[in-house]
Amino acid sequence: MQGLVDIFKPLYDLWLSFEAFMVGPASPGLLGYWIVIALMMTGFYIVIAHDNLVKKIVGLNVFQVSVFLFYILMAKVTGGTAPILAEGITQYSNPLPHVLILTAIVVGVATTALGLALVVRIRNAYDTIEDDEILAVEEEEDR
Amino acid sequence: MMHRKVVLRVVSKFLIPPILLFALYVQFHGDFGPGGGFQAGVIFGSGFILYAILFGVETVKRVLPPWSTRLLLVVGVLTYGLTGVAGLILGGNYLDYNVLAHDPLHGQHYGILIVELGVGITVAASMITIFNVFAGQSGGD
Amino acid sequence: MTGLLAGWAPGDALVLALVIPVIGAFVVLALGRWENARDGASLITAGCLFYVVTQLYPIVAAGGRPDIVLFDMVPGLSIRLTLEPLGMIFAGIASFLWIVTTLYAIGYMRGHHEENQTRFFFFFAIAIASAIGVALAGNMLTLFVFYEVLSVSTFPLVAHHGTEEAKRSGRIYLGILLSTSIGFLLFGMIWTWQIAGTLDFVRGGVFNAEQAQGPMIAVLLALYAFGIGKAALMPFHRWLPAAMVAPTPVSALLHAVAVVKAGVFSVLKVVVYIFGIDLLKLAPGTDFLLYVAAFTIIAASIVAMRQDNLKLRLAYSTVSQLSYIVLGAMLASDIAALGSAMHIVMHAFGKITLFFCAGAIIVFAHKTDISDMKGLGHRMPVTFFCFFLASLSLIGLPPMGGMWSKWYIALGAAETHQLIFIAVLMVSSLLNLAYLMPVVLYGFFGKAPIQSEEDADNDHDDHEHHHAPPNHLLLRHMTFGREGISDASFMCLLPIVLTATGCVLLFFYADRIRIFLLPVFGG
Amino acid sequence: MTIFYTYFLSLPFAAAIEPHLPILQVVVPLLCAPICVLLRDAKLSWLWATIVTWITFFIALVLLGKVLASGLIIYELGSWPAPWGIEYRIDAANALVLVIVTAIAAITLPYAKVSVEKEVARPRIYLFYLMYMLCMTGLLGITTTADAFNLFVFLEISSLSSYVLISLGGNRRALTASYRYLIMGTLGATFYIIGVGMMYMMTGSLNMADLATLLPAVDHTRTVLAAFAFVVIGLGLKLAMFPLHTWLPNAYAFAPSAVTVFLASTATKVAIYALLRLVFTVFGGTDLFASTDISLMLIIVALIGMFAGAFVAIFQTDVKRMLAYSSVSQVGYMVLGIGMATAAGLTGGIVHLFNHAVMKGAAFMAVGAMFYVIGSVRLNDLAGIGKRMPVTTAVFLVAGLSLIGTPLTVGFISKWQLVQASLALGWWYVAAGILLSSLLAIVYVWRVVEVAYLKAPPEGAARRSEAPLSMLVPMIVLAAATVWFGIDGDTTLRIAGEAANALMGPASGGKP
Amino acid sequence: MLMMGAVGLAIARIRDLFAVSMLSGIFSLIGAAAYVVLDAVDVAFTEAAVGAGISTVLMLGTLALTTRKEKLGGGKSKSTTAFLVVAVTGAVLVYGTFDMPRYGDKIAAIHHHVVPRYIEKSGEEVGMPNIVTSVLASYRSFDTLGEVFVIFTAATGVLAILGRARRRREDEEADEGGSDTKGAAS
């Protein structure tokens, strides 16, 4: 077991230094949010810019996961621990966003499942999963 | 699928029971450590999914016929919902667990336990249903 | 109340007047399969309605104002019926002319073998019901409601033939009427409500003197004047000529009885009861509407002169004549407004006669263009004589009713020192002469081309070929026992003669109308 | 409305049930829905759905009666006081929306029976009714809740089920319509939770009433402004506010007829309600609305939507799609009411919420019946439909006249109120815009009327082939309601007025 | 989180959908790791199970049924507009961050309004050591009920979309309920 911990130790240290940077005087303490925003926008971009239906859903996932991360970030309290009551700990991180995000994750996977089911049907009906090709077919039908 | 991968099949035969057990542990230990009905349901469901990937959907269906997953879906959802109704009948508000037992603390305990169970059942049944439907498709190319 | 309605409250009688044509409409629909019963029902309904209206007359003449609130839509905003002299006059002519028009329509529709006659008579009755509703409206909202019902219910009549042309015209018709009413009229109404807090018709208007000073009154008045598209003020007159595709009784109905009269009647009502004539005198900036009306009078007359199609010429004539009424209303003088009110009556009788004649010529001589009517007066003397009488009335010559209304409007113009409008009236009378008289002159003195008889016969043969000629005595050509005369049938001639006589009688009884209207215009 | 309340009190057990009505409103259909999975039979599940929905409708009426009689109702779930637990708050505004949703749901079900049997594959019909009930429940949940995050959860229930319902339309294009709706809807919901997250961040609360008291203290912050923007855009996607409406036309056009009726009359309405609730109750105490140009932006968006929607509707050849674009236009009216931010404007918006639900429901029912009988609703195929299906076409005509805003129909009442409100603000150009856009409605409605009445039916078509009675009756009920509430505008305006007060007033803005 | 950024960009660029699905799973997994670091163990657990597990399996399943390659294309104008939309949205978000409480700030309002009661009293009121569970299943149990119904909706929805009725060929294979008693009339 100790070996396993050792492997992850450098990673964790890296994180701690990163965290110190984020809250330290060198940054406005918002860097974490900004990175999350960048992630969100990556996902958002994938959703609206790509034509592939599966990829859109992947983008949606990325978008949502980033939003979850945003919630979890705001829940963090410096020096706090996971919100499980234990003796001798007085500072916990905020549990409420965790609860909300648990719910949101489920909602996300539900949406993904439905979306993918639709993609399968669309593929069978149109023989493609590229949005622009489908649009072309539909315009043809409208005429 | 991977019908011919003997190693995988053997290993997974060993793996699946612990997975299911672990799911049960997560289910009932959620009050103390991380975990709870939802996570347990997912794990439980993935146990079956793993089984289905390796041995084919039909095999799973023999163990767990579609009507039973569907029934479980409903049972899970209703377990949760009716717990709330029980609170109503016993004189509290909806989802009020305090009235479930004489001691509010016990009531809360029972309530959460039952509710989490409901979540677990629903999630597991949902996972299996969704996967089965996907896997039951004829396939594109 | 007296007579058959003894024991009825006058307010309830108003409702009855409204309901009779509606019931009649559904009876017509139910009897659709039996032609004679259906048309009989139409006539009986018209008779009943007229009876009820006449029963109301003494009450109003005695100063009574029957009133009933049907329901409140929004607090203070109700559907309400009130009968006052102006409305009485309108209801009177509408219900009387309905009888006449129904008579005529039966003759015309059968003579012309029109399709969908049941639908025709159904909407005909609904249209009359809404015209009566307009007449009885106790506030602007009620008026608006019936005004809209009227637009919608006449649409099937205009587009009756269902051809591409009929549909296009129907679209123009409904498009202009609905869009002006919703775009301007409704806007004006809501604005009025916003300012005055009421839409009830009040003697002397709903605005106080202070509100009247602003420029807003002029804008509001314009909203009303143009919003009431049925008044056919230019540039919103296009629907009227377009509606000429309809069967002739419909044109008669539109022009003389229901639609256009509902329009100018509404304008008059708005001027008298929403703005108040006295207030209008104070309000700045309302003059330009006078010029619009004057322009419409002249321009429409000139356009009318250039039309060869008789119905179209009459249509433009109507556009012009309606603006007389608008002009009279906008002059802000009691006497001119009185003239306007009278002109509603005079024009109704005159124009309906003209249309009846035009229709008779279409059905029984198969002529629509004036240039083809040379010498037709010898074949159809009665028709053409009546046409002559009605023309005189429109031009405003004695001994016809039309003279009086023009006289009063001119007096009003003189009273307000706007002599230019007297000039407009005179010029337009000359123009009227110029576009109406040729028809009569062609008819009586024009030399019928040689082949004309053959043509007529051919036409007739074609006609016979397609449809069996109406055998009924009442539907046959009238010959009066003379060679070379084959006038319209009895069913068509009777109404023509009736209304033409009316034109003459109105000359002698005009003062009765004036006295009856005095309470409205303060004397 | 109070009649229903008094009647209810006379029932057995009323006293015991009465305090729990708010939750029963949602939980009854929620828990009854899964039963459909066990029934697994088209007829049985239809019957079950119908019974449950009508009970729900009754509860909604009772609730409205109770609210009108005694004011705000607060219900704490799990007996945890807010803001720690989730609470339900019912005032005139959401009681009215509850009535709209349940009424339409209840009336649509009898209608749905035959039409669904024709349009949806038989083995899936029980799932159809399941989804239908879940969708309704989701909408009810959105309406009743006073918790910003709980709203999201129920929003997702209703959204997911409506994606499924739309995809059940027979045409393959129903699938793509549903997919696009899914993408847009999920983006909208995600935007919404971003906004909620930001609000939570600044205040530490999720309860709407609580937020309303806490937000004014931080309303100068850029975070709250951004939160507001995200909430409005997120919900704007759901309610098809103008530039975000692209999902709507196809979704309505290709969904099964009954679904179109239901969604068109309720889903966007509930989204608008949610927007109202957040804008006025939650952000009502802040001066965001006054100090920024948000109100002006909303007005502009609404006006453009009104015109663009109606304009595009004119060029549609598919009547369902035409009505869908008309919905985009009509949503503009409601947003306009919100944008005015006065009690009168809001009343207009809310009353249009109700009125549009009624008339659009009737219109879509009529079109659905035409689809049921002749299998198409392309304009060309509807020639002479007025002769073949006189009643259905008459219903369409009534609904169409109402869309135009002719007096004696509900459309007139809302238009009246909205124009009135804009004139009171002195915005005559907005008033003119409202009236001009209804001129466009004349054009698209009349295109149908003309084809229906003036064109001869195609050769060989049956002379009379009216829709079955089970479709006709609901249709007529809605058409009658269109006229009834058009004549008696007072009732609805009064309730809408109270709703507007409830949304704007301090009663719900502050803590009890 | 930087790693997540890298993965996110990779997802946007790579056109092999198979790889994209795997990357999406990895993205979730890294996310889960971040959650652990941020004290959200429950969330991490769930994200790992769902994002990395279920979603990926579903995506792979879909790909098996559809196609593996994303087509090249997507007009330049489209990506430009998309980029603009994204840029504006991102800008609004960043704008919003300026007044946010600093990361980990103990005195932020978020930690002081509702939450203290959960932390301080849930032990007495609910009796569960895991506060998340207490809040999830008791204080905000109605949310969770909703959540359960969401997943239920999804499961039945997938049934409705992909269920038996479409595949006549395989009717006899008796998948979803083809063989059981009721409603089998087809």
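Going by the order they are written in, the chains are A, B, C, D and E; count residues from 1 in each one.
Please note the rule applied: contacts are C-beta pairs under 8 Å (C-beta built on N, C-alpha and C of every residue); 3 or more make two chains touch, one makes a residue touch a chain.
Just so it is clear, the model here is predicted, and its values are computed rather than measured.
Where touching is counted per the definition, the chains common to subunit B and subunit D are A, E.
Chains A-E form the pair joined by the most contacting C-beta pairs. Rounded to whole angstrom units, the spacing between the C-alpha centres of subunit A and subunit D is 32. Chain centres here are Cα means. That of subunit D falls 28 Å from that of subunit E.
With centres taken as mean Cα positions, subunit B sits 24 Å from subunit A.
Centroid to centroid, with C-alpha atoms defining each point, subunit B and subunit C lie 79 Å apart. Among all residues of subunit E, those that touch two or more other chains are 41-42, 46, 50, 54, 58, 61-62, 65-67, 93, 97-98, 100-101, 110-111, 114-115, 118, 128-130, 132, 136, 138, 140-147, 149-159, 161-163, 166, 177. Contacts with at least two other chains are made by residues 30, 34, 37, 77-78, 149, 153, 156, 160, 163-164, 167, 194, 200-201, 206 of subunit D. Across the assembly, subunit A contributes 40, 44, 57, 74, 82, 84, 96-97, 100, 102-103, 106-107, 110-111, 113-114, 116-121, 123-124 as residues in contact with two or more other chains.
Chain pairs that touch one another: A-B, A-D, A-E, B-D, B-E, C-D, D-E. Against subunit C, in their complex, subunit D makes its touches with residues 401, 404-408, 413, 415-416, 419-420, 423-424, 428, 431-432, 435-436, 438-439, 442-443, 446, 450, 453-456, 486-490, 493. Across the complex, subunit D meets subunit A through its residues 149, 152-153, 156, 160, 163-164, 167, 172-173, 175-176, 178-179, 182-183, 186-187, 189-190, 193-194, 197, 200-201, 206. Contacts from subunit B toward subunit E in the complex involve residues 30-36, 38-39, 42-43, 45-46, 49, 57, 61, 65-67, 70, 73, 76-77, 80-81, 84, 94-95, 97, 104-105, 108-109, 111-112, 115-116, 118-119, 122-123, 125-127, 129-141.
Contacts from subunit C toward subunit D in the complex involve residues 71-75, 79, 141, 144-145, 148, 152, 156, 159, 162, 166-167, 170-171, 174-175, 178-179, 182-183, 186-187, 190-191, 193-194.
Residue ranges on subunit A touching subunit D, taken from their complex, read 40, 44, 47, 53, 56-57, 60, 63-64, 67, 70-71, 74, 96-97, 100, 103-104, 107, 110-111, 114-115, 118-119, 121-122, 125-126, 134, 138, 141.
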